[in-house]
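In order of appearance the chains are A, B, C and D, and numbering begins at 1 in each one.
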């Protein structure tokens, strides 16, 4: 059974090597500031005790005032997982360092996040749009990207048979 | 009847051979020139048949229309796009001189030859006679040619070897 | 021979034709039978090829259907036999697109010329005793010469299409032709060495005379010829020039409608030509150890032709395709040495036979056994020598692991 | 000799790109010197669409992510929502899910192997043979859920319908036949000299590169990494079932093919056990139509036929997911494609792409 490392546990281990890197930690995840992200990620990958050589996935989340990038990590040899997060505080021009040099697996996924979310990954070797064409207006997965005419949000305000 | 047939065939083939040869010189598209050249070769093969040189005729098709022209096609494929049409080159002058000299030689030989028509029997097989001549009287040149070809082949392999 | 040589004796279709020509020469000008015989021959060949192609296309689709655990076309007519006609009508009705940047003349000429080699070959092939349009005494060389024209036509199509896939296909076809021409001609030469003639009807008569088929004397040559001919006519699994999964449709990528149909039909014509050559040279042509006295020889010949073609269909439904460079290496490293050995052994045998004046009934069975053993032995030994059957070409199985986390990359089981 | 490289667009309309995938290759002769993949022709922005639909309404979307493995997608998504809302699925539902997921794996691998052989130039024969088995499996899906391809069978809290009585005999009959069919395929394909010549040492993906580039599923296992979510992080009832992880040792196309062949056997083995152990009781628990999971975020993953399929769902307490992200194995498995194909010929690149086994619905989403 794969063990999920607690965010606090991980924060403690990271905090020893990189004081001030951890911005927030709870049961599920640990949030690392953008400045030290690459160093922390490299440590997570190379530390024999943690051994997060496998990056499961990269996902961007629009938190309305800032962006979050979520990294799911996996150690194959020790079979534990962890969730690493980082924040892009500028909602207009979000930017975080790229982890593609650390994990090659981030290469395509960061391009995807850039395309759909608009988060720029600094240091990415080939940051281009991937699904949408160049010149597509905006980044559709942002909460302020409105898909319908008249500025309306898509979807139902309320489900028909609810209460 | 036999004579008329041969004469008609001779004229058709002559027109075809010379017309195609002329096309080789005047068309600007390189591929068209090569294709005309093949047509010219086939016309020559037809002329050989009217001279009851069946072996030579078939060999003409096999070697010239089949192999030599394929070689030219290869050369064409390996040439960059810019050189595809029969553009004017600095070789035009020398080529003209060379062609003129060849034509003059042929004309001279033709004029000097005594064209007394040999008594022509019926259509005879030539393959056996050629085979015997090659392996008895002309065995030395035959073998020298094969050694030369072998040397050429080895040389070609050495030239394109990657290392 | 029970030949009646009356015009109604259809065992030799030359009989009614000869009778007709006789009538013509009696009543018309002198040149008429000469021209008429040529026209009749040509028309007969085309009349045989077109319906054959229609039936064989249908038969191939049904057979491939059987091989692939499905039914195949079965809706048009009983057992779907009108499928090819329906397809032809469809192809005729479709637009034959000529894209803008093609080399128009060459683009249009290629699908027309594609028929030339396939049909021309039949001119020298004996359908029965005496049933041959032009009994060329260099027939075997003629086969090779005409076959080589095919590549030029394919190249015309590929180059003029102005399409990268078509160009790749044409490039592959031309390079394949140069390579496979050599073993092809050398295997044909093996037959010539034995029969001492280059005329195809001469070869058939030799087989008839000695009551043997060359397939017994030249088994290796037959296999090599089938492979190299398969490459030349572009049939799967050696359809390198039109490899569908790699270069879309190769040299005929840009052809649509009936122009594509021409290429499709031309491929079958060339296939028939190869099958007919194999049937004549190696399988005794129109002879069947005496059966030809009762059954028309041309029916026997056609039966053999379709049998050989069936082999091509079977191969198509069974084997995956080799890569272009592997196929090229296969001819130079594998087929060429074997053909040379085959030719040498054949020559040696004929020399022993002729110089010592041995009886054919004695030496031919011995030669057959020797050559068969040699074919098997040489193939296996040469394959071993080239490293086949080594650890790299033996099938393996996946390792089974119970636990996660282990990395076994690079460890050989 | 100096030659002029030229660019070929393999796809989006090409017979062997398995959909609207486009590979822009720079060729020197027939050898690839550079490759760039261009995707997105099938992009439907599912992640955005899902944000405006309720949790249950999103299940049909998952069918269309990887339309060749719809059951697996259903399962992963339902597991994510159940984890988020704390719903327990009854044992019968768990077993039914395992049965469906493994049947789907059989169907997907049948298609993958068949298409791969097609890329190798086998004239549709293995493809059609594999479709014969897939057909029976799709018939089983039709019995259970009414649909064959986009099944929409699983629900949050279980499955939509319990299986009908005729399902079990049909499934048993199929399972009885499968081992000898698989042996037939192995005899036909694995020992084929041409196939070995074409695939051995072609498209090699070393284990360290495979791990670094996040590939998963048969591609990762073909590179010699024994990794399978079913064993590493067991979900449903996989911890009660006995099976092995097939791994290759060289990471070439042949190994990926071998792994898939062996996974067919393992899936049959799992199915035999699961059908035997199938308990009674309800197949699902009732879940409100407008499910409002508590705020939070969750990542649930399964071993889909193509690799690790995960759903990352963020809830804000409303009936719609706040963020709905798919970790699509087909897409991420394409990461090392360039490293694998550069230096090969065009024909080998096609085979390599075929051995990765992508579905464009999942790549583009």
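Here is the rule we use: a contact is a pair of C-beta atoms (placed from the backbone, for glycine too) under 8 Å apart; a residue touches a chain by one contact, two chains touch by 3 or more.
Here the structure is a predicted model, which means the values were calculated and not measured.
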Checklist entry - Along the shortest chain of touching chains, how many steps lie between subunit A and subunit C? => result 1
Item to check | Comparison of C-D and A-D by number of C-beta pairs in contact, larger one | outcome: C-D
Next on the checklist: Rounded to a whole Å, what is the gap between the Cα centroids of subunit A and subunit B?
Outcome noted: 71
Item to check | Interchain centroid distance [CA atoms averaged], subunit C/subunit D, Å | outcome: 43
Checklist outcome for this item: Here the gap between subunit A and subunit D, centre to centre from mean Cα coordinates and rounded to Å, is 24
Checklist entry - Using CA atom averages as chain centres, what separation in Å is found between subunit B and subunit C? => result 28
Checklist entry - Which residues belonging to subunit A are in contact with no fewer than two other chains? => result 76, 79
Checklist entry - Multi-chain contacts in subunit D: which residues touch at least two other chains? => result 225, 227, 232
Next on the checklist: Where in subunit C do residues touch at least two different other chains?
Outcome noted: 404-405, 407
Item to check | Complex interface listing, subunit C residues touching subunit B | outcome: 30-31, 34, 103, 105-106, 136-138, 141-142, 144-146, 148-149, 151-152, 155-156, 159-160, 167, 170-171, 174-175, 177-178, 181, 198
Checklist outcome for this item: In the complex, subunit C touches subunit D at residues 64, 67-70, 164-165, 168, 236-237, 239, 243-248, 316-326, 388, 392-413
Checklist outcome for this item: Contacts from subunit B onto subunit C in the complex sit at residues 1, 4-5, 29, 31-32, 35, 38, 54-55, 58-59, 61-62, 65-67, 69-70, 73-74, 77, 125, 127
Item to check | subunit A-facing residues of subunit C, complex | outcome: 404-405, 407
Item to check | Touching residues on subunit D, where the partner in the complex is subunit C | outcome: 6, 8, 14-16, 30, 117-125, 127-129, 132, 190-198, 200-201, 206-208, 221, 223-228, 231-232, 244-251, 254-255, 258-259, 261-262, 345-348, 350
